[in-house]
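So that you can tell them apart, the chains are marked A, B, C and D in the order they are listed, and the count of residues begins at 1 in each.
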Amino acid sequence: MRATAGYVVGIAALAACAVIVHAGPSGGTVSGKVTYEGTPAKQKPIDMSKEPSCAKQHPTPITSETVVTGPSNALDNVVVYVSAGAPDESAPGQAAKFEQKGCQYIPHVLAFQVNQTLEISNADQTSHNIHPLPKVNREWNKSQPPGSAPIDEKYDKPEFIPVKCNIHPWMHGNFAVLKNSHYAVTEGEGGFSLADLPPGKYTITAWHESYGDQSQDVTISGNETKTVNFVFKAKPY
Amino acid sequence: MGKFFGVILVLITLVSAYPIVTHKFVQPVDISTHGHAIDEQLADTMAEAGLAFVGAQLLLAFFVWKFSNRKDGSKVVHLPGGAKLMVATAFIFIGTEVLALGVLGQKAWADVYFTAPKPDAMQIQAQAGQFAFYFRYPGADGRFGPLHPDKIDEGNQNYFGLDPANDVEARDDIVTAELTIPINREIHLLLHAKDVGHSFYVRELRLQQDFVPGLDLSLHFTATKTGKYEIVCTQLCGLGHYNMKAYLNVLAQDEFDKWLKDRAAEQ
Amino acid sequence: MEDAAVQPVQVHAPPEGFIRKFVFSLDHKMIGKQYYGLALMAVFMGMVLSWFMRFHLVWPDAKIPGLGAIAPTGAPGGVITPEYYLSLLTMHGTLMVFFVLTNAPFAGFGNYFLPIQIGAEDMAFPRFNMMSFWTTLVAFIVLVSAFFIPDGPPISGWTAYAPLSAVGKDAGPGLGWGQNLWAMSIALFCVGQLLGSLNFIATTLDLRAKGMTLMRMPICTWAWFITSCIGLLAFAVLLPACLLLLLDRMAGTSFFIPSGLVVSDRLQNHAGGSPLLWQHLFWFFGHPEVYIAILPAVGIVSHVLITSMRKPLLSAKVMIYSMMSIGFLSWMVWGHHMFVSGMNPFSSLLFSFPTLTITIPATIITLIWLGSLFGANIQINSASLFALGFVSMFVSGGVSGFFLAQPSIDIYLHATYFVVGHFHMVMGVAAIFGILSGTYFWFPKMSGRMMNETLGQIHFWITFVGTYCIFMPFHYLGLVGNVRRYSSFVDDFMAPLMPVHKFISIAAFITGAAQLIFLYNLIHSRFRGKIAPENPWNATSLEWSIPSPPPWNNFGDKHPVVFHDPYQYGVKGSKGDFVMQDSPEQVVGGWDK
Amino acid sequence: MASTVVQHAAPPPLAERHGRERATRSGIWVAIFAITMSFAAFTSALMVRQGSGDWKHIVPPPVIYLNTVALLISSITLERARNRATSGSRPQLRNGLPWIVVTFVLGLFFVLGQYLVWRQLAAQGLYLATTSNSSFFYVFTVMHALHLLGGIVALTYLIAQITSRQGQPRWSLFDGAATYWHFMGVLWLYLLFVISTRL
């Protein structure tokens, strides 16, 4: 009896959320494209011969991913987020998933919120080691044998954290721990869009693991879409 | 009970000796020019130590069998010759053995360590780091770019800490994850440790040498058979120690040249 | 001077109250038992750790029930991670080498029997003696506490090679506080052993009873004396090494850390240190440590063998001189652990020769045993069986030393299972056989009750055959080149050796389980065993001239006077075929003349 | 070995009580041996370290020589105490008391002086981990100071024993303490040499 009551309340709550979310256009949008100019460093193919179970998953060897580019100078794996102007938000319920597959981190750059659950899983037939190298957050270093349960972790301060696997030196990734939910990670065309921004003045920042970050201010008045583009200077080495 | 002890010990001795005598467990084929000396040394030692082992165990077994819980009571006798005999035996047999092994051993050891590499030996740098080996070929200019530890960026596969932007020599350096070498050509391997102690061990080459941080050692050897062999780390270096390995790929000269060209293109 | 014999000088008052009797006891006998108990705890812990390792090696993905709860990060869900395997390996080695092989045969039996065998009432410095034990106990607690800290025990092996052990947590889990605890524990342990050795030496030199000339001391007393001399030097070197290591780790100095190391993508802020320095300091202790473990066992086994052979050794003098020369040579051979560490190749040869030379006194010892067995009348019982087993193990473990002593062969065999087999047989199993032999031999004296003979012999047969099944195959694996300290064998050439590893693991489980028989026997006999007479083995040395268990001041009011060397067997004496050391009847011959 | 009974010649007697006296002395010498050994280990480390290029030499503050003098004098005063004590027919430690106290004070002076030395070095910006030489300087001086404190504790115990009512301290206690004290002096001279000259 009480249980049913619980369900009813729960469903009501969900419905309410749904209504709030879909209550028409609740604010402006910032969208744009991230590109590079110049010649980016050549990405070398990775030799995984030391880990046959991974090597055979890549008939043509994958290359390192510090600079991933798309058509017409699009720059991928750039985290675009609202660095100032937006209020801090509490972490969403669902976990951010970080997978190790074919001795590669998927995704290479994972953006998630402060205190959001980070779920790390190992899909390979070999042990992996996850060693994020934070400066302000708590550091940990764990290994994950094949077939073992996912590791759940949280970060309580915003930070860009390089991640490495101690067992496979070529495996490097990044965590972007952010204060609010207004963020995007560019891929393919290098485009991004930050929606649902209530009217106000914002600082939009784009961060790239080897090219550093750039910021631009933008003012949203009401329900409009502003375009912001970022151009990074590519280094040959 | 004493007899039982004798029997068991004889069994243990014979069973222990069996796999050795029948060569069940032996070192793999030797592909180096110096390895045969080591193998002979190992064989000689095995013969001498083996005899000592079997002899002593059987003697022990026999004595315990014969002289335990004797019916004829406490009438004990002493070994003719006594301690002097024992000391003499030890000195004569083991002494000569020690000398023999010591002297022979020197030769085999000298083959590896007391000879300088020929000037035309091919220089390759091997770097050991947690937990992989990487190898560097000097490239067209035949010179290695200097190392800058602060420049090391594994995510970008800059394992050695090269700085091609500023060092011209570094631009054509070829970095690979497997040690590919031409057959019958002396290789001068320069060992460099990136973080902690590691070791370079190739069974087929009969070679083992530690990488000691801050101390750049080198090895030189000549491979006489083509094929793919495993390089493993034998110095405890951390959690990935078991997984720290690379392949040694011995190719015919022309194949090697082609391989090197392809790698150069990748850089 | 006669008065000295009738009215003893009291070292300390008879202990009163539980605390003084059993906890902070000054009585060398209680301290000896405390050491033995500590060793017992350590050896079973170490054994369980080795079980986990053997289990993981052959069934890498299998879950070990309960382990997940003990080590949630080290073994998530009971599956051992690579780093936890190394933690187990490090702790197994440290526990066994320091807290078992050093504590039981030397500090344990030595403390209990050295004063009695030389007719003293206690050690020279009872307070130091007590401190020595309690320091060791603290060291043990500090070490074991590493299991319960977040990032677990260190993963750098019992040799803790720098810079892996020195650079800190960047180098991997367990190398943060785990390694600190390890270094602190070992430093404390050194202090404890130094106090102990000091006590042993002073006691042996100056507290011998009337008539107990040096050459009338039992062989095991000699062994303990020589061992304490070795220990004094060895631990006096390891202590500074550990302090320097701690400074490197906690104060940012660079004794062992060179410049330009990049660990986990972090450039280490150190310069100019030498990793080889640690290896030199460590092995300068480390090799003598081998003899610290084995010499007391040699002494105990000789003592037991002589008693059960009912005849003296061919020459106890030669035995003693051999032990001395081993002790002496043990100082010139540490470098044979570093043949492939990049030492000057010439020094490798310099180290190789004395190493080979050590086999001469070792062989003499073995031949003396064998030769003495000839024409003996061996009384077979648990004690003598373990003693004979020791002789066998000593030979098996010794011959493999031939290989590793030669740099040229070491190039191939270094860091393979051959080495593991070698030192487990000669240092591990052999020494433990010595301990067990001593236990079955002296238990009646220590507890006043006999141990169960049947259980003892069952224990022996399983252990004897079992240990050969475990450690012989190690040598075979080594010959193929199977590398040690791997948490799993991913290399193509090691995979085919898996069946051998399975065999070893199963043998290890069985042999280990058999030790429970011993534990049961020990505890059961302590309370239910039949009452032991004063001298159950018809032995001659002083410990058998006093009640079992001995009173708090060993010899009561009388002061023992010694008339013979300790091994007057096979003579028509008052009590049969032997003459006690303190019986005034004169015997012609004997090696003290 | 047939047994024939003759009267036995008693071997040289070794009565416990004399043993204890001797034991203290041998104990001290054994300890000295061990300490020497561990400082030898430190020295070997120093030699290796000096071998590696980046060796920067530092000058110890002059106070250190004042301390040295104090320590040497303390050894002399301790010997004075011995003479005074043994002047009578049978050793009377009570007679030596004043000189023992002087020694004790000088010992404290030395330790305080060392503390001053460390402070001055710190003022120069030379800390434990600053240079390889400063590391060794601190390690050597601190280790020596710790060992000397052991000697000071022994002297304290000795003084307490002498001054206490029924206290009749064993002569070997003084003798041992004195031996150890002199050794500390010798050890210090050695360390000073090692620190101030490049091996």
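Here, a contact is a pair of C-beta atoms (placed from the backbone, for glycine too) under 8 Å apart; a residue touches a chain by one contact, two chains touch by 3 or more.
Given the structure is predicted, the values throughout are model-derived calculations rather than measurements.
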Pair of chains ranked first by number of touching C-beta pairs: B-C
From chain A, the most remote chain by mean C-alpha position: D
Computed distance of Cα centres, chain D from chain C, in Å: 32
Chain B and chain D: spacing of chain centres that average the CA atoms, whole Å: 48
Separation of mean Cα positions, chain C and chain A [Å, integer]: 55
Whole-Å separation of chain centres (CA-atom averages), chain A against chain D: 65
Chain C: positions in contact with at least two other chains: 81-83, 172-173, 258-259, 264-265, 273-274, 276, 490, 570
Two or more partner chains touched - positions in chain D: 52
Shared-contact residues (touching 2 or more other chains) in chain B: 129-130, 154, 214, 238-240, 243, 245
Chain pairs in mutual contact under the definition given at the outset: A-B, A-C, B-C, C-D
Chain A residues within the chain C interface of the complex: 126-127, 129, 131, 133, 139, 141-149, 151, 162, 164, 166-167
Residues of chain A defined as touching chain B within the complex: 41-42, 44-51, 64-66, 126-127, 129, 143, 162, 164, 166-170, 172, 209-210, 235-237
Chain D residues within the chain C interface of the complex: 1-8, 10-20, 22-24, 26-27, 30-31, 33-35, 37-42, 44-45, 48-49, 51-55, 128-129, 132, 135, 139, 143
Residue ranges of chain C touching chain D (in the complex, touch as defined): 1, 4-5, 8-9, 11, 120-121, 124-125, 194, 197-199, 201-203, 205-213, 232-233, 236-237, 239-241, 243-244, 247, 251-255, 258-259, 271-274, 276-277, 280-281, 284, 559, 561-563, 568, 570-573, 579, 584-589
Complex interface listing, chain B residues touching chain A: 129-133, 153-157, 159, 163-165, 176-178, 238-240, 243-247, 266-267
